[in-house]
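Dropping the structure in here first, questions after.
The chains carry the letters A, B, C and D, assigned in the order they are written, with residues numbered from 1 in each.
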Amino acid sequence: MPGQLTLDTLNRASAADFVAALGDIFEYSPWVATEAAARRPFKNLAALRDAMIASIEAAPAEQRLKLIRSHPDLANKTQRAQGLTAHSTREQDGAGLDRLSETEFAMFERLNNAYKAKFGFPFMICVRRHTKDSILDAFARRLNNDPAQEQKEALTEIARIASLRLAGMIASGEPLAVHGTLSVHVLDTHRGLPADGMKFSLVELSRHGEERLIADLVTNADGRTSPEPIEGRPVPIGTYELRFQAAAYFAGRGVPLSDPPFLDVIPLRFGVSEPEQHLHVPLLVTPWSYSTYRGS
Amino acid sequence: MPGQLTLDTLNRASAADFVAALGDIFEYSPWVATEAAARRPFKNLAALRDAMIASIEAAPAEQRLKLIRSHPDLANKTQRAQGLTAHSTREQDGAGLDRLSETEFAMFERLNNAYKAKFGFPFMICVRRHTKDSILDAFARRLNNDPAQEQKEALTEIARIASLRLAGMIASGEPLAVHGTLSVHVLDTHRGLPADGMKFSLVELSRHGEERLIADLVTNADGRTSPEPIEGRPVPIGTYELRFQAAAYFAGRGVPLSDPPFLDVIPLRFGVSEPEQHLHVPLLVTPWSYSTYRGS
Amino acid sequence: MPGQLTLDTLNRASAADFVAALGDIFEYSPWVATEAAARRPFKNLAALRDAMIASIEAAPAEQRLKLIRSHPDLANKTQRAQGLTAHSTREQDGAGLDRLSETEFAMFERLNNAYKAKFGFPFMICVRRHTKDSILDAFARRLNNDPAQEQKEALTEIARIASLRLAGMIASGEPLAVHGTLSVHVLDTHRGLPADGMKFSLVELSRHGEERLIADLVTNADGRTSPEPIEGRPVPIGTYELRFQAAAYFAGRGVPLSDPPFLDVIPLRFGVSEPEQHLHVPLLVTPWSYSTYRGS
Amino acid sequence: MPGQLTLDTLNRASAADFVAALGDIFEYSPWVATEAAARRPFKNLAALRDAMIASIEAAPAEQRLKLIRSHPDLANKTQRAQGLTAHSTREQDGAGLDRLSETEFAMFERLNNAYKAKFGFPFMICVRRHTKDSILDAFARRLNNDPAQEQKEALTEIARIASLRLAGMIASGEPLAVHGTLSVHVLDTHRGLPADGMKFSLVELSRHGEERLIADLVTNADGRTSPEPIEGRPVPIGTYELRFQAAAYFAGRGVPLSDPPFLDVIPLRFGVSEPEQHLHVPLLVTPWSYSTYRGS
């Protein structure tokens, strides 16, 4: 959540205060903030972010590599208590990296070691945009890159991480487009009104059949939720299931149902490919029919 | 599957041959067939079945009770090799009673013992119309019956069992209405044609999260299957899930999809409450939307 | 459209200026404004409106009747140039009363005469909430009222007319809930995106097969229109048809269609019963399928 | 409707009887039947039809042209009483050619004269596969053909006409695939059952806003009609509208509706491009939503 820090404050701060505030945006690399301080004022957050990234792109190859190498190993769970910045710890938990099974841990470690052996730096990925499965997919795909391609991808990921950190720290009238939304809308087409009071849950599914409950929710009088099931952050790339308690809802309104009901819990399973997108998932439902679509 | 035995043959057979053929329709109670033999000819299977049931209803209370008591204990797995007729063994396997977990076995045994203690006869249920869950539900509900009600329910179940046995043995132009159908139809509304070659599976779901694969199937040029996913038998009361491999189908036709696809495997979960019904489950699907309804 | 006049200005104006501004809110009855001037200040528009209506309800029966009788005859087209206030002329055109056929004119006149003969005052109706058909329906229904009921209905309609006049004159942070919306949303479920650039028209249908084009529109990048097809006014009670040029849209995107197309112009016909409602009509469409529902 | 005449009878008839029966299949050209008589027996109707067409294709150019020229002028209404065979009169009425307006008649005549001037023979078209609009479209398109192309198209149409005549005269276990079907299915997804007793009409629409009622129908207990709205003939290429009386249906079942109802008469407008196709048009409907698709 954006704090009280504003771009205006930063534009007018001393260089020392500016660097104190933004020195951690790039892992152990306050020099990026130092260079940005000299380029003030910035008219909006995007201009600040772009200046910081331009500094990195203009830096000597050596220094860019050092920046990448400053980041923690993704799969090294044991290092966590020691070497991670506060930012990194919070972000890596998001994708469930602290809940790896032994098998998954082994796989991460194997991929990570292969990666480091090939490229000489740790695997960079903006974990808040990902689930465990999509991280594994990215690992597998990027291991095939050549070193120049991969250094570019690593810097792209670092820029994404930095953008999210900036968006999280600095209040702005022109926010960075780094957050997505997953919204749900339930229409009771039996009555022709929004479904008010339908319970549902949102679950993340992994390829190996593992489930992670994200939220237990209930629709309001508009058939929606407030806040949305996911908002104010990227929607992690992955597979999800919404589970709507349709029979309980209709039975609660006195609609006669069969026993067992034709529709009881309705699962809607869908994939997310663009974390910054507004993905809208409607459910149009009667006790005997339903439909859904990718809305907007 | 109906054999060569026809109603006409039975109508003209000697009483001894008639009883030899139909003596097992009611468990260890050839007297029902003996009485029916004297009422020939029957114009159709329903008339034969009704005559047999009328015999039972007209029999002294003692004899009706003896008929019920001749049936095997549902939960007594250990008796199976010894006391079950060939009919009973086959029928009880259908509901998965040979795949009970230890916990389930214990629950069945407890309910069965309570039932026998209350009513003095074993629990009768036409297992081919049921899943494990619906049998447990029936147990719980019927334990609350008074003895007269329950004897009536037990005889209703015995009549259902007998009807299915008759339908299975005797070929007839006027079959007994003891079978249901579960049919599936997939319409590719992206192309406006039946979905040809979409893989899907049909799974039975238990309340405790257990799954049982019923069939792996693929749609034909009409978007259907032949035979239907379930036909020629009652559709067991329970909860099911169809899982359609939508993304594989559309990718195979060159339709561009996101990665991961918005819709990959589409689960349709539904309940069956009337085993003799024709239940039709259509899926209308594009890569970005789908709908379903209870068809007919 | 609200002008510069604000409630704050009115609260602080002289009584004379207040009455000059609001004297026409009730037809030829500035005394209502005069009484309201004495009850200032009003915290919002609803309080002002309610005070004016309370004045009318508290007035002697004679005076209430005189207020009703001050209104013009609805069906008397010939009086228009002479006796109507500027407010009334504009409002009555909205329902198409200036486009009556001779037959309709005769029917209005006959109903109007029967009404005046029975009740002794002209028929009051807030025409901006109506179409010709719904005005005729109201005439027929209200002719059966007894005089007390009908006087009450007439005053209700006068209050509705006054509310719309107030809403149209006075800018307010808390607007009166006297406007509805008709919004449209087109989802191209063939591509999984809002339909951008689909032409459509909105037509009012009368019971006698007459059509009146309300608007020719085209969807924007969100699959919507801005402004909405109807907004900033009540949505008249009546029957409408949306006509979407689906084939032209899909052909323009290179989607192969049959000749003639299975779906060319898609008509969605629907009724409006609550003029102050937000009625949302979505169209989910592929070249081979579509669906719609009353949204919100 | 197929009469008593069977292929078997024709295979065994004398050559004279065979020609007497089939001499009119090709307009004023009994020689085609004479040649076919010599090639008997035919194993099915398709073989008979193909033999007749092969005769025509093998005939000298002169004779083929004469066959085409034996056909009546499509637009010459005045010739009708005189020169048309019984077959031709019945067939041309099907497309509404006896109901031409003066303008349409003038257009037909103009196109027909241009056609005859260019090709030297009358315009051939299997009218039972067409509506007035699609005949005009074909005229306009085919006027651009070169003479060889157009002679081929004319013979194709003559073969279609002959196939329909054969199918209409001769009963067969293997019918010719010359008929299509338009079927309708209404699912009441408010109750989860077929809509029993919903009235609807099927109307043919012309490009100029003219409507022609084809049938007033009502759904049966399966939500269908028997016979289908169109069957036993080609479904003419054109534009149609189904109009379902949804509000009357739901009101008759005691479902509360708004006034006017949100959905009253539901129009489904669709085009037919393949007359021999089975086109299935389902309506899934609640009082507040509906959907349709090209079924099969």
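Heads up, the rule we're going with is that contacts are C-beta pairs under 8 Å (C-beta built on N, C-alpha and C of every residue); 3 or more make two chains touch, one makes a residue touch a chain.
None of these values were measured; they are calculated from a predicted model.
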| item | value |
| --- | --- |
| Option reproducing the contacts of A-B, where over half of them reappear, out of A-D, B-C or C-D | C-D |
| Most remote chain, CA-based centroid, reference being chain A | D |
| Whole-Å gap separating chain B and chain D, where each centre is the average of the chain's CA atoms | 46 |
| Gap in Å, rounded to a whole number, between the CA centres of chain C and chain B | 59 |
| Where chain D touches two or more other chains, by residue | 187, 189, 192, 262, 284, 288-289, 291, 293-294 |
| Arrangement of touching chains [line / ring / star / complete / other] | complete |
| Complex contacts: residues of chain D adjacent to chain A | 187, 189-192, 262, 284, 286-289, 291 |
| Residues of chain C that touch chain D when the two form their complex | 134, 237-239, 258-267, 269-274, 284, 288-294 |
| Parts of chain B lying in touch with chain D, wherever the complex brings them together | 187, 189, 192-194, 222-223, 284, 291, 293-296 |
